[in-house]
Amino acid sequence: MPLTPDQIAEIEAARSAPQMTLRATSPGMEQHLYRAHPVLDHGFIRVIDYMGDDAAIVQAARVSYGAGTKHVQNDDGLIRYLMRHWHSTPFEMCEVKLHVKLPVFVARQWIRHRTANVNEYSARYSILDREFYIPAPEHLAAQSVVNNQGRGAVLQGEEAARVLDLLKSDANRAYDNYEAMLSQEGQQGLARELARMNLPANIYTQWYWKVDLHNLFHFLRLRADPHAQYEIRVYAEAIAACVKDWVPLAYAAFEDYRMGGVTLSSKAIDVLKRRLKGEAVSQETSGMSKGEWREFSDVWG
Amino acid sequence: MPLTPDQIAEIEAARSAPQMTLRATSPGMEQHLYRAHPVLDHGFIRVIDYMGDDAAIVQAARVSYGAGTKHVQNDDGLIRYLMRHWHSTPFEMCEVKLHVKLPVFVARQWIRHRTANVNEYSARYSILDREFYIPAPEHLAAQSVVNNQGRGAVLQGEEAARVLDLLKSDANRAYDNYEAMLSQEGQQGLARELARMNLPANIYTQWYWKVDLHNLFHFLRLRADPHAQYEIRVYAEAIAACVKDWVPLAYAAFEDYRMGGVTLSSKAIDVLKRRLKGEAVSQETSGMSKGEWREFSDVWG
Amino acid sequence: MPLTPDQIAEIEAARSAPQMTLRATSPGMEQHLYRAHPVLDHGFIRVIDYMGDDAAIVQAARVSYGAGTKHVQNDDGLIRYLMRHWHSTPFEMCEVKLHVKLPVFVARQWIRHRTANVNEYSARYSILDREFYIPAPEHLAAQSVVNNQGRGAVLQGEEAARVLDLLKSDANRAYDNYEAMLSQEGQQGLARELARMNLPANIYTQWYWKVDLHNLFHFLRLRADPHAQYEIRVYAEAIAACVKDWVPLAYAAFEDYRMGGVTLSSKAIDVLKRRLKGEAVSQETSGMSKGEWREFSDVWG
Amino acid sequence: MPLTPDQIAEIEAARSAPQMTLRATSPGMEQHLYRAHPVLDHGFIRVIDYMGDDAAIVQAARVSYGAGTKHVQNDDGLIRYLMRHWHSTPFEMCEVKLHVKLPVFVARQWIRHRTANVNEYSARYSILDREFYIPAPEHLAAQSVVNNQGRGAVLQGEEAARVLDLLKSDANRAYDNYEAMLSQEGQQGLARELARMNLPANIYTQWYWKVDLHNLFHFLRLRADPHAQYEIRVYAEAIAACVKDWVPLAYAAFEDYRMGGVTLSSKAIDVLKRRLKGEAVSQETSGMSKGEWREFSDVWG
């Protein structure tokens, strides 16, 4: 259970004080504000603030294109056009701020998306809580034998039990010793900025993360992808569910053109055109490497 | 008068439909929403949307520093501390979106601030209006004789009249010919993306500009500075007046530490310390170049 | 002829002083260093400096993937893999610095690519030269009747002559008056930062532009595209020719996966799969809008 | 000892193959290329590549200011002028690429500087080495009693011994269990992307880090500062020593105006002016808070 009673009370308090505003509002997003969506065993995402809605995307595009866009019949058509043609700036006009609680090894991957604003809890300044990510049994997977960067079958029986036991006992021992080093009872107590180095990468941290919709879509495309590591993918999926309620038209276009889309190389285009003419094309006659061909035939057979 | 009746009606309509929101609101900023603040002869700035307030800055900082910040007595003290110590990320948690109408030569300077989102009216796609910036007589200044990048005295009499006449007649002729080249009456009509090249840099363009508060402060420090060109400074000043109403605590800290502050080199520190001990220090004994000394004595005598 | 004798002498001098270095060098790029590649009537691009080569991309990727990448047989295969899977960071390890002379209206479009470093000639500080872009007759095109943002047929006869005459005479008059306002003979002379507002958007400016290879590929994909405006496309093509000599493997992958590739939406994938099974699909049964279908059938018939 | 014989051989090989180049070269930086400068117990920084030198900064500035800069007598004066007036773009024209080996908790702080390019060793893809940062006895400091984010006295005697023992034994046990979970002998072996979560924050990682000189100076100002954590400060100092050899004029200006400079608020300016006139000013009459006054009097007495 990721939230303390204090936190729940704080959320309820925040949700009990609606204000009047003249700004664009998204009714779907108002439902999410401040509420914690649980992720993994102790994590969550919460929407803290947002700016803009589907209409704001359209409005920004119409500033660019002026009267010329009036012939586009509706907002949906314009948003789909913008997405299809990789127009990024109108989507940058929406912004969202999230509060995220997540394991450090997930945070390390996440932070590589540089076009965002971050305020992270400082373990140099404050003391971290004793909360560690321990995978659920169904997510305790073996190393993939075909992909260096992937998972294979779920671990079973004794091996699974042994791994869980090691993860739990190492985390607890590391935290016990973190506390012992920090303690000022009968000793000086090690500096927080040093003691934190003893903590493993499955400890939870938290941050405020603010990003515009264009860069968020880029994040979601990479991190909600089936090839992303499970532990970051569940965060991406929880965020995606909020985005769908926030900007439903933009999200639908994103799903069609990005999440559900594929990019074809000029070689792949050539193969498909030959097939459409009835030719049987194999890897040998495709001009593609074996790796490319495997990825191509995963989609096209 | 920069606004058409249609635009005024649109603003009134936008301001007549308040909504309920659970988000942080800034009463001072709500007063500005959508309203046009005139700048120069045909320009304006309008606040279209904003995210966050003074409390959002404090909230983000407390996420970083955890319980450790509780000893800071109040929001004002914490915001001043953050500003004094160049903490940038809490200020990045606020965001503002502006609609700006401005001459192209101002836009060219403005766009050099890269950490912002922009949707500009496209003269490739649409036709620009016949609106040009013509300086008011009191801003028609001579080239500075001491500063390559500055202005001297205001032009007088015949010279002033001649300049105004040239600026007006060239702008009008350029626009007449822009229209003549575009016209499809009795001819094909030149492509818009080509015809626009005939228009001078004092024609007005417009854009949506979205930026976070940290980067906006950086913009204001450079562009509301007395050394900035007058024509961009008046935009910075109009924006600054809105920011002051939006985040009054952060703006006050910005005024004290940035706008009203100075940076001293190690040489300048040394000179001031010697003076405080009663020593008379001249340029020759200061270790500074003549240019540095002139700038130093402008502040310190 | 864009270069003065002084400039040519400067280039020859720069090229006559080879130095020893331990850095990665690209023989293909060394041939381009400092030399001006003419673009449009007075413009050019020149490579001023570069960092990295194909091997540097591979080296950075192997740092990320460690010993695990040893099974990839060769550099070419790894670079193609990185490009295919949208890995951006290894390509960011290469950097190039260009000197570009270009019309202001092209510069205004170019600068929208924010992830680059720029030093532009300052017309606030210095006086611009009398050099304007005047389109060659074969590039003097009419407004497209199907695309607001495009060109149609080339203008002919009297209309073409009239347009050329207007562009030339307006440019010259604007420059004459720019000089007249600046002049300090018998008058004070208007400030440079004001006088420049009289100059049209086809005047030439120049800048140093520094960008990493990943962001340069993004620029080239958008600006060397057939839908880009001709006047920026020719710059993109001139740069692309240098990139091809600089990092031939990366450039070949870019051509195959980006320039020559297409992105399919989930709807488009569905249509192609139905066609591969022998079904005849029309716009009505495709689920696509008319616009999407037109773009789809441009590629797939 | 951070380097293996293989790595040393690789460095020697890289340094034994000088090439001819027409690019700007920095003799001081050539001496550093590829060589490892040891930092902490297992870390290092190595310069892998660089672009530009002091002259490149000047060259870019002269592009901006044109003939107008000719009156500046020399490169040194111009570079100092640019630094004094916060001109950032000419410094962005230089770029450096480093190979850094560093503990994860240092990497987490470092990565917050977003304006850089990074390729990090992937523990999702490959297996990390058994190398942990264990502080030298003289750097094993107690928590500061005055600063939540700082260190106090060095730990002594039994407490120091106990801390060192805990850090070492926890690191080794965590690594033993990391290996045990990964092992494929008699079991499937846990996925690498999961096993890594057991490793503490003092394990070493490595990355390629590429940054321009302006942003590097910003990094150095914050991280080579006495208030920065010791473990990142030593990296900043090692890099600063290379920068000094690379661009000696720019580095000297940086030292004078940034590292050795201070920023005064308008209140602080007022206090100094009153003191210069002979007035005795105390905290109570200064208008400053106690915290501000303490920081002010640290510099000015």
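List of remarks:
A, B, C and D are the chain letters, set down in written order, and residue numbers restart from 1 in every chain.
One rule holds in what follows: a residue touches a chain if its C-beta (ideal position, glycine included) is under 8 Å from a C-beta of that chain, and two chains touch if they have at least 3 such contacts.
All values derive from a computational prediction rather than experimental measurement.
More C-beta pairs in contact connect the chains of A-B than those of the other pair, out of A-B and A-C. Our note on geometry: chain A versus chain D, Cα centroid distance of 29 Å, whole angstroms. Rounded to whole angstrom units, the spacing between the C-alpha centres of chain A and chain C is 33. For the pair chain A and chain B, the distance between mean C-alpha positions equals 35 Å. Multi-chain contact residues of chain A, defined as those touching 2 or more other chains: 65, 68, 89, 112, 118, 122, 125-126, 148-149. In terms of inter-chain touching, the protein chains here all touch one another pairwise. Of all residues in chain A, only 14-15, 17-25, 30, 33-34, 49-52, 56, 59-61, 63-68, 89-90, 92-93, 95, 97, 99, 117-122, 125-127, 206-208, 210, 212 touch chain B in the complex they form. On chain C, the positions that touch chain A within their shared complex are 65, 68, 77, 80-81, 84, 86, 89, 112, 148-149, 222, 255-257, 259-269, 272-273, 275-276, 289, 291-292, 295, 299-300. On the chain D side of its complex with chain A, the touching residues are 103-105, 108-109, 111-112, 114-115, 118, 122, 124-126, 133, 135, 140-144, 148-153, 155, 159, 162-163, 166-167, 170-171, 173-174, 177, 180-182, 184, 187-194, 196-202, 229.
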